[in-house]
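Notes follow the structure.
To keep things simple, chains are lettered A, B and C as they appear, and every chain counts its residues starting from 1.
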């Protein structure tokens, strides 16, 4: 009697998370709404001067993306922990890091990918030139998966704790700094007509590194948190 | 266990570590005090003032070793936590936990002295200088480590969870460090004078190194003492602690 | 407690290399640096059921979690076929089904979806069919398409127990399986357990109920004295 293959398990878990998100559509939209609201606060708080907005746009959009990621990350393992599904996940014969990866991919599809759709609109609100649009999308495409990957480690470490949400931001936000620096800088430089392949290459290698190591760390952290 | 030499394995038992740490902590403390006096004397009295910055550059005898230590302690902490997690050695985890507040203190010291030095140099306490920024982020990492440790009730679980965090932090720390350096050169150019000169005169280098050694011994002394306390608390139900406490009471 | 050790053929009782299927050796657990239990030993042969007993806070649930490899014991180890489970977790987990305090089913999925998910995550029985399993568990037919969080606690418990019938697990680990079940449900679980034992399966459970299992070897494990 053969066990369900790893591929089947990976796909079913991914599909389950997407289905759960779909059945909670409203909840899933909240971090995105948050993303838009935070960005739109800046012109109100500063000055709607187009030049100023263009200068700060890359940083503002990226900081808002980090904060939106923090909000959505908190629920990554929370409900699975509460109803015991997480225990069951740990007790399958499949390698835990790969199952964790399925959950991370699901998280990115739910919370990271929509940011890419929204970003051009926000870019317009902040008077970002059309030459910056593609770089913005490229950095978001490379950067937001890193947020999901690194974030999953923090969530796994804090999943069973009271007040885990605040602690999570304290643990994770400093680790997001390299992504912020390179992504915002790439968008800014592109606006000034400079070459940004270096920054994109760096973001790409961050993604590769996080992709290789984060699921392992998350899996280890989950086993510890459920101890 | 075969990777660990036998004597080290012996030492790693809480009881033996407690005894060893007591002796080592005292010795390190006295050595640190001696080096501190020598280093401060040479640094503050017996070395020439900087030809550009005058006497205010003397704060580097505190600032630079503190900045070095802030990185060094994090590395030792992560290594020690990892050893404690993998081989389940309580003493090692306790040493990692004891290192965190000391490391955070060195980081805060580096930040504070950097700011004090910045006031006469830059006219303001804070500029987004590469080193200051790195130190600030490092302080966040230390605080995160300590926050996670205090959030988990069971100490065994806490030790293993913080070990993961420290290892993740260690991979990140280099990336963060170089990103910040890169970011800084882009935005500030070479206008900011770095605190440590590329070439440094021997009369300034020697007290600097003596101070660095003094800080290292102080760290060892302090962290060993803290680790001793933690072990004593964690092993309070064990026979050796009861015997120890009994001995002290009867004296 | 029935402690009749009826002799059975050795190849049934023991794994291929002659050691008991599942064994706990020198287990100790400390929480917040205080020992809850120490030097606990047990072993289980095919067809046997182990009932873990003890007052509240004696570490019954933790004992089961140790058995599943979820919680690390402070000392000692769990052996499957004579080998520490940590050496080959994947093989062990292919043989294990666990129903814990938390049912481990998603409230936003229907019972059918939950069982199908369980099937695809581990090693299913060849003949396992989610609808038949739900029928066997006497869940009313209308429940098949209702989201689980709309079911009663007892119904949810039945769905969780359905996992046992979906998976081809030799060892069942059940934490208070009778909680929230009506008398009919309790009888059902007893039937499942004795059927499992007669097929040569094993089960470890905690319960405050008096278990009535005809023709099964039920052994006791006392925690906390």
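FYI, contacts are C-beta pairs under 8 Å (C-beta built on N, C-alpha and C of every residue); 3 or more make two chains touch, one makes a residue touch a chain.
Given the structure is predicted, the values throughout are model-derived calculations rather than measurements.
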| item | value |
| --- | --- |
| Pairwise touch network: line, ring, star, complete, or other | complete |
| Between A-B and B-C, the pair joined by more C-beta contacts | A-B |
| Identity of the most central chain, Cα criterion | A |
| Separation of subunit A from subunit C, taking each centre as the mean of its C-alpha atoms, in whole Å | 37 |
| Inter-chain centre distance, subunit B versus subunit C - centres from mean C-alpha coordinates, in Å | 48 |
| Length of the line joining the C-alpha centres of subunit A and subunit B, rounded to whole Å | 32 |
| Multi-partner residues of subunit A (each touching 2 or more other chains) | 227 |
| Sequence positions of subunit B contacting 2 or more other chains | 154, 156 |
| Where subunit C touches two or more other chains at once, by residue number | none |
| Residues on subunit C engaged by subunit A in the complex (per definition of touch) | 68-72, 90-91, 93-94, 96, 98, 100-109, 113, 116-126, 168 |
| Interface residues, subunit A side, partner subunit B - complex | 150, 153, 157-158, 161-164, 167, 170-171, 173-175, 177-178, 181-182, 185, 206, 209, 213, 217, 220-221, 224-225, 227 |
| For the subunit B and subunit A complex, residues of the former touching the latter | 137, 140-141, 143-144, 147-148, 151-152, 154, 156-157, 160-161, 164-165, 167-169, 171-172, 175-176, 179-180, 182-183, 186 |
| Subunit C-touching residues of subunit B, taken from the complex the two chains share | 153-156, 233-237 |
| Subunit C partner contacts - residues on subunit A that touch it in the complex | 1-4, 8-9, 12-13, 16, 19-20, 23-24, 79, 82-85, 87-95, 223, 226-227 |
